[in-house]
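Each of the next two complexes has chain A plus one other chain: chain B in the first, chain C in the second.
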Partner chain A sequence: MTRVAKAASISAFLAVVFILVPVLIIATGRTDLYYTLTSVALLSIASAGVWLTFFIGRINIGQGAYALMGGYVSAILVVNYGVSFWLTLPLAGLFCAAASILIGYPILRLRGVYFAMVTLVLTEVARLLALALPITNGAKGMVSIPLPGALSIFGVTIIPNFAGMQSPRLAFYLLAVTMMVLCFAAMYRLVNSRIGKLCQSLQQNEELASSIGVNIAYLRVIAYAISSFFGGVAGAIFAAISQSIYPSSFTVTDSINFMLNCFFGGLGYVFGPMLGTLVLYFGWDLLFQTGKFQLLIYSTLMIVLMLFLPNGLLSLGDLLRKRGSNNG
Partner chain B sequence: MVDLLQVSGLTKRFGGLVAVNNVSFTVREKEILAVIGPNGAGKSTLFKLIASFLRPTSGEVLFKGERISDLAPHIAARKGIVRTFQETTIFKNMSVRENVIIAHHLRSKANLLGFFLGTKLAKADEQAFGTSADEILEFLGLSAISSEIAKNLPHGHLRALGIAIGLATNPTILLLDEPFAGMNHDETMKAVAMVRRLRERGLTVLLVEHDMPAVMKISDRIVVINFGEKIAEGTPAEIQSNAKVIEAYLGSEDEAIGL
Partner chain C sequence: MEQVIANGLYLGAQYALIALGLTLIFALMNVLNFAHGQMYVLGGFITYTVYGQLGLPFVVALLASGMTLAVIGALMEKYLFRTVIKRSHREESTMLLAAATAFFFDAVILLIFGEKQRGVPKIVKGVFNTDGLIMPYDRIAVGALAIVFIAAFILYMQYSRPGRAMRALAQDRVAAQLMGVAVERYSMIGFAMGAMLAGIVGGLLVTITGVNSGIGGPISIKAFMMVMIGGAGVVGGAIAGGFILGMMESVGLTVLREYGDVTYLVIFAALMVFLSIRPNGLMGKPWG
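Right, the complex of A and B next:
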């Protein structure tokens, strides 16, 4: 893509998510879509983290653990210590990143299905911890978390108090989408910088990577920490929107869904998890009308897609382009 | 000549199996030294021990007088001991040029954050690596295929790419794992010439190899390993007439030793 085309598509995307979507929702009165799209944006942030671990050649089914952790960190700080939500947002991310460094250092040595299994267990461990620890309030969870207050820096109010708003839904939507844009912009930069090449070198051959002087253990942990940071941030915003968090807020199913979002969108494309989350989330809702066949149709479609488009939805574009150039 | 690498009393046990048993030899600066031996003699283990991919059970490897045996492979690489791989170990889904550029990682002055932010230092690195990669590809005769995706390359080119990756790290001593394996006569002759040119570049080359005629042609000195132990060391002529070596290869001495 040329520079101009790139700038044009970025502006078009920003215009759609920040202007067109809210305008359409207000025009049609379908304010329920705010919540749906906010969820998509947040889930895609968590999925982006999973994508990043795929990018270093690890199957991560443990993102739910970090989303849960992030949610609790934010909730506990806001409820028990009266910390501003805006401060807890980066803190939740950093807490998850720190935890993932401790957890990741030993387990990232594992490869393939072994790493996947350990991360799967991680989600369950996080849930059980949330049930057992005194600070997380057990099965009752943390409820009535206050809405985010105003954010002001040097006396200038940057973000108004959510509680005083006419439509906090719109505010949450804008917050989630902004975070999504920031997160994917960072990922895009990461992947297209030299770090991306280093990650690919890990994915393709760890032994060779270390023989050319790449500190593979360090790089793996860094990538995993960034991945968990995304999970934590997404979890923290989720807790703020639903004003509650329970041990069952993020379960193994969520962890698996994060992974499926990546597969569905395409593991070779930075924006794969975003598209995957959008399509799968809405696809699942659309299939709701089929009643008891919902899961059956959903799973069948997933299998068909993985058989015929193993590189995800976004690979369709590449295939068509190739066909076009062959015919031309 | 100066001793660059000293292998002393190197031993590696895997459970009850002694893969390498008390092996000592030295590699001098700018020489081509070959380690040979029958299948399963422990060559590959020895090779991994030297490149710090394995830790020895006892004994040590000294590089310029400094013990390197307990270092992580990437640290050993940083010190100047770089290995290539036996099989076609490359970054399959990258182009040839990308493979060589990424292998310049050791020379980068910028850090990870610098790469992310695209600092001046990182950009200067990119520029320098590109130039250097092109020079290496030219040197190894790979310029014409620099934009090919590595997994599509034929065997001989893959081996050359492996060496290009090794060269990009700017090693003092390059460890080649069976550089001539699976090559026909012509390819081997080309590869032999290539290894000679590596030495002309100022490198010290340590290679583990099966192909006896090639080894005899290329090496300054040869170390022979059998059942994990060193049974002989010397110039190609000395090795060819060594009784122990002939015994180790008994039954196939003619073709195997290149007599």
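Right, the complex of A and C next:
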């Protein structure tokens, strides 16, 4: 893609999510869509983290653990210590990144199915810990977390108080979408940088990369930490929106869904997780009208798509391009 | 204490049989079968229908469970997994397929059998009772049957022609193909056998714990854990993993009772520490 085309598509995307979507929602009065779209944005942030671990050749089914951790860190800081939500947001991410360095250093030596399974177990560990620890309030969870307050720097209010707003939904939507854009911009930058190329070498052959002098242990821990940072941030915002967090807020199912979003969008594409999340989440929502056949239709469609597009939705573009060049 | 050990052995025999099927599929195809727990549930419901509802003998029901699942497994391999493995750039794509089939089975089971907990009449009545050891006869019977199936499976893998072919496949797919092993056929047989084992355990355990449509996922996770403890893709490892997990559960539930519901937390944490020290499990291949 040329530079101009790239700039044009980016600005078109930004215009759609920041202007067109809110305008359309206000025009049609479907304010319930805000919640759906906010969820999609947040889930795609967490999925982006999973995608990043795929990028270094690891199957990560443990993102739910970090989302839960981030949610609890933010909730505990806000409720028990009265810290501003805006400060807890990066803190939650950093806490998760630090935890993931400690956990990741030993377990990132595992590969393939072993890593996938350990991370799956990690999700269960996080849930059971949330149930057992005294500070997390057990199965009752943390409820009635206050809405995010105002954020002001040097007396200038940058973000108004969410509690005083008429529609915190719009505010949350804008917050989530902003975070999503930042997150994917960071991912894009990372993947197309020197570190990105090194990560790709890990995905292909770790021994070979190591023999050329790539510090593989360091690289994979860093990638995993960034991935967990995304998970933590997404979890923290989720806790703020629902104003509650429970041990069952993020479970193994969520971890698996994050992974499926990546597969579905396409593992070879940075924006795969975003598209995957959008389609899967909306698909599930739309199928709600089919009642008890919802899961049946959903899973059948997933199997069929997998059979015909095993490399993800975005590989459709490549297929068409190839066909076009063959004909022409 | 005897009671705890007896419970552990009984649980372990069941678990080992579940893990065997999973590890077989993994060894042959490099596919992590997320739908294994759902296959188990399906087997349980078939036995429930044939034995509990239609009143046919238990052996017939068990056969029906095994056979149905074997057919389903073979079809899954032939039409789903083989196609996706061929077309996909990355091997991991089969995980999405496996997860989707798990959802699919969940939906089918829920539609056909409903969400209620189902049980069947006991296969053997009475309780074995001496000082300090109480064990219902049906548990002993099911445990013994499980051990018979495990032994039969090992003998089959060790001494039959298909068994030898499958072991060759698990060791090195390309080399096996070069030696004239019909790779596709034996992959299908292996997948069918793995699914059949899941169906048989489901049929066995429905006589004791009953079955409901929601337990597929948790069973899959337990099966994954056993396979990891023993090492993925190794028959001996799956059996060892099954017995170890059964024992840990049995002992953990007794010893840690006063600390509340922490048995699984301890098991999971121990597993993570164990795997970071010994990444391939007890006897696994370097990586899968």
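The working rule: the second predicted complex is superposed on the first by the 328 of 328 C-alpha atoms of A that agree within 3 Å, B and C clash if a C-alpha of one lies under 4 Å from a C-alpha of the other, contacts with A are read in each partner's own complex, and residues count from 1 in each chain.
FYI, a contact is a pair of C-beta atoms (placed from the backbone, for glycine too) under 8 Å apart; a residue touches a chain by one contact, two chains touch by 3 or more.
Quick caveat: nothing in here was measured; it's all calculated off a predicted structure.
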Which superposed partner A:I101 touches (first chain B, second chain C, both, neither): neither
Partner chain in contact with A:M117 - chain B first, chain C second, else both or neither: second
Touching partner for A:L91 - first (chain B), second (chain C), both, neither: neither
Which of chain B and chain C A:R194 touches, first, second, both or neither: first
Which superposed partner A:E207 touches (first chain B, second chain C, both, neither): first
Partner chain in contact with A:L267 - chain B first, chain C second, else both or neither: second
Which of chain B and chain C A:V83 touches, first, second, both or neither: neither
Chain A-touching residues of chain C, taken from the complex the two chains share: 26, 32, 34, 80, 83-84, 87-90, 92-93, 95-97, 99-101, 103-104, 106-108, 110-111, 217, 221, 224-225, 227-228, 232, 260-262, 264-265, 268-269, 271-272, 275-276, 279-281, 284, 287-288
Residues of chain B that touch chain A when the two form their complex: 51, 53, 72-74, 77-78, 82-85, 89-94, 98, 101-103, 105-106, 108, 112, 115-116, 118, 122, 125-126, 165-166, 168-169
Residues of chain A touching chain C in the complex: 54, 59, 106-107, 109-114, 116-118, 120-122, 124-125, 128-129, 131-132, 252-253, 256, 259-260, 263-264, 267-268, 292-296, 298-300, 302-303, 306-307, 310-311
For the chain A and chain B complex, residues of the former touching the latter: 189-190, 193-195, 197-198, 200-201, 204-205, 207-208, 210-217, 219, 222
